[in-house]
């Protein structure tokens, strides 16, 4: 299966490595608006840097992997559909839910696999938790808690174009809730600017708690912060009728030091590249499974739309200071 | 310091043992509407079972410990104030916030120590977390999460007279938030009946998430369930600008068994008597410190009023499906 | 059951508290060569300080608890046997194995319970491990490892009269091995002076590893140090055909602090009084069970002799630099 | 840097993957006595399967990686030295210490890097422990304990040609002790056959405890078992004057399940490929560092000789039932 990569930045490189590690997929071309970045990645992999149109027109290329900037995702998905490619796209589909709904409609009849890059679904800890949940190991689920703190905030320049914390950061946690509990009916959002006043000045928040209410009474809680001085904090807890499941952080190593000052363990691995490197690789193989073996895509474009709808609902809830229904957001377009 | 005990039930016995363990306090009398219970406890401790009025009139008695049923607390506090006794009262002051505010006003000018039995403040884990927080070990605090699950629901007959989950169960967690973060400005309540439909039929919930918002942007989350099959789950987490603090459960023992089925530890200790036995004893000594040494009371009647006000605000929030301001509840009377 | 206490020092006070906590036993008298110590403890408990002979002659006293200095144990056990008392004696029986064997012979026909104070058998962690082992939860046992480090060495003046590390400190670990694995056939001892050269100058070691070999091929390892800067380190591990069991330390509290410097937990509780307070209380109740209910004594005088024999064998092994057979030590007298 | 691989079996494949992952090294040829295995690996990597002599004669090849069966190591090292190649060799050098000493002498004057594959030195947990130890974080070291249990014994057919537990399995732990504590003066070995009587019938043991004594009084303990039903158990503990360091197992995932049956974590990763995959990769990069950048080789042929000498001393100690001096083994040849 021949793959072309759109986007030669940090996440593009991660995906290029994953493509290389799966013997069934071969990276054959890369494109980037930054020509130098494309050339550098091409050289590292012994492939060609080409133009986007050229790639889309090349019928020998089976799949495109969209890892370019967010504002290009929608157009590239549509172009990929038109060109008959299997499509793997980094989240989010778009910062605009309306546009995402359009793209989703376009992709609905696509006869090739179309997968969204919700990498956390493939984290071995979260997928093991999900498997235990699905196997009924704690009976029927009741409460879900997702903790997701970044080690440090991004530059304010990034914050300004990010679409805001709910769309940029909590989108992963919305998807984690959908992954584990399905779609909620109501979103109640809370948020503050406690980490960096410049983030507040840019109109965003850096600290947030969102509660998702489900039709059957289940409740999910998401906690976000742009800063955890001890490293990336990524945990999930579920309480069920028969017990509880918790997925904890991965630590840098297993060494424990005991002195008169206390008993000290290593910190969680620093950020998403360290924590989710294996997840990115497993994720890619799941896409290859879909393309090569016809397996179901484990993170669909509808999942992408759902996560965006929850982010939009959270934005409205925060703005209006009240719980907000989700359903209208999904039929918005 | 001579002490009389009001209430010879389960919690009364716990307190009687704590009184015995502090060499500075002596249990000299007990009373209970169930005369047999009073006699039995009196016999165990080699003391007298007496009438409530008789005890209040006895000037040799320095302090009364109110551990009788909730509906007697308000009257007994007032009687204790009138009789000039130091007063230790189990939470809550009253199921009615209005009545609690009256009692609090009455007690305001009392020149003897008056303390509420918020035992969790004295749990060595939570007090160590509080000490670290106060010492600035994680900088300024931002997010608080309190998890509090009972091992199994009480009988529905109890639920019916309990005042509801927020007043009966979450009241402890409201106080924990006050203890660690002070009083919030807004309460947003969520709740469901997932554990036992009879609890729902009785008009109560058994599963709840409440979010407390603070004037300065801090956010606290409380999760409650009436059922955790693995035992009493009592945890607190705080994220601050410099790190995080977490107080975890105490386990039955430290034994870990590793087999082909997995690595298994002991469960959390079963319920509040096991988990908080030390806390009850430390709590009592703090009251003796106040009476004998004039130290500040570490859990005041105002703390009792505050917790009730948060429970009332949560009730209204749940009923009306919207965030509710706390301030009006505190000036209600 | 009326009890007289011999020895009003630190461990005597611990036992006095345990006697008080079991409603079936009553402390009625105390004696100590330090008259002041006896008077002080007597006053605290509202009892009499009396002479040793007077106590032994008092037929209303059912049991004696020997917590005086080691060099008095043998004589007091013999006197207790003669006086027809139930006897609880702190370890060791004697620093001389020969004398211990005599005393054991004397006590053999005693018709009252006679129990040795091997408190660690009653630690809830070690007894839970033992219960799991006996229940076959890890199949047949193969390897045992006992780690036992004190937080800090005692004064050299104490070392000089202690009988040496194997008899004074490792005696508890020898008993733990007997408790879990029974009696070994061979002892191979290693030891060094690494903590304090004055301990070496006094002819003792402060760091030791001893290997016990069993007739059926099982192997136990004991590690001792007089110094662990992070506190009392008391752990046991067993590998069996079906898995492993490990009993870990108890920590001061469950608080975990995560900062950029790492993830820090509380230290193990500081020393034996903190770690084994519950064990002392459970131990005493087991003795009361034996006296009052006729239950089997869970730590016999033979256990005391066995532990001493292993210590003696270790001394010889260290001196001669070779493995030493245990059997001859048990038939020495 | 061009590399040829000797041995296309399980460990050969692991090394081939490591070579691929380091951009500075390129696998150009493979050889194996099993021609089919060589062809298969060659095909996977798009390289040639060639004859051993052909490879050695090819001056364009910079380094050879010896991952063939143990009985070929010595001859290949000598041939590699003669051919002027940098050499990476899997442990052990040889089952015969005498032969290993010869080879070591031959390699002494080799002007290219020669490294032994003691992969555990590169495990991130053990290397972090070593770094903390070297940085003096626990003061001067006193006691070392190495636990090393395999999940299940190999076939008895393998046992028969393995050289015995000390040379085949504990060799890694001897090297870990050398890595952390240097070379001891005395070895005292204990061993039993508890796992499988056929292993005993084949003249070997499957359960072992070895104590290493150091000139300065430090003591190391190694525990080995051929069977740990819960998976590969690989831990190291060091006690020092200022505290303790412990490196624990890596678990399959971080999920914890709490039910009425207990609190269950994942097992340790199953065996050495899972546990040490990262170590193999880091190890290879260290060799490339030595070849390309002239850095010191972190696991020398002398380390290989040392580990073998300790294994030989352990064999003699077990046979003679006494502590055995190490020095004579190192000057044997």
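All chains are identified by letter, namely A, B, C and D, in their written order; residue positions are counted from 1 within each chain.
The working rule: a contact is a pair of C-beta atoms (placed from the backbone, for glycine too) under 8 Å apart; a residue touches a chain by one contact, two chains touch by 3 or more.
Please read these numbers as outputs of a predicted model, since none were measured by experiment.
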{"item": "Third chains touching both subunit B and subunit A", "value": "C, D"}
{"item": "Pair joined by the larger number of C-beta contacts - A-C, C-D", "value": "C-D"}
{"item": "Chain whose mean Cα position lies farthest from subunit C", "value": "A"}
{"item": "Rounded Å distance between subunit C and subunit D, as computed from the means of their C-alpha atoms", "value": "41"}
{"item": "Rounded Å distance, subunit A centre to subunit C centre (Cα mean)", "value": "58"}
{"item": "Sites on subunit B at which at least two other chains make contact", "value": "228-230, 233, 242-244, 258-260, 266"}
{"item": "Sites on subunit B touched by subunit C in the complex", "value": "23, 44, 124-125, 128-129, 132, 137-138, 242-250, 252-260, 266"}
{"item": "Subunit C-facing residues of subunit A, complex", "value": "228-230, 233, 251, 258-268"}
{"item": "Contact set on subunit A toward subunit B in their complex", "value": "140, 142-143, 145, 149, 188, 190, 192-195, 207-209, 211, 213, 217-219, 221, 223, 225, 227-230, 233, 239, 241-244, 321-323"}
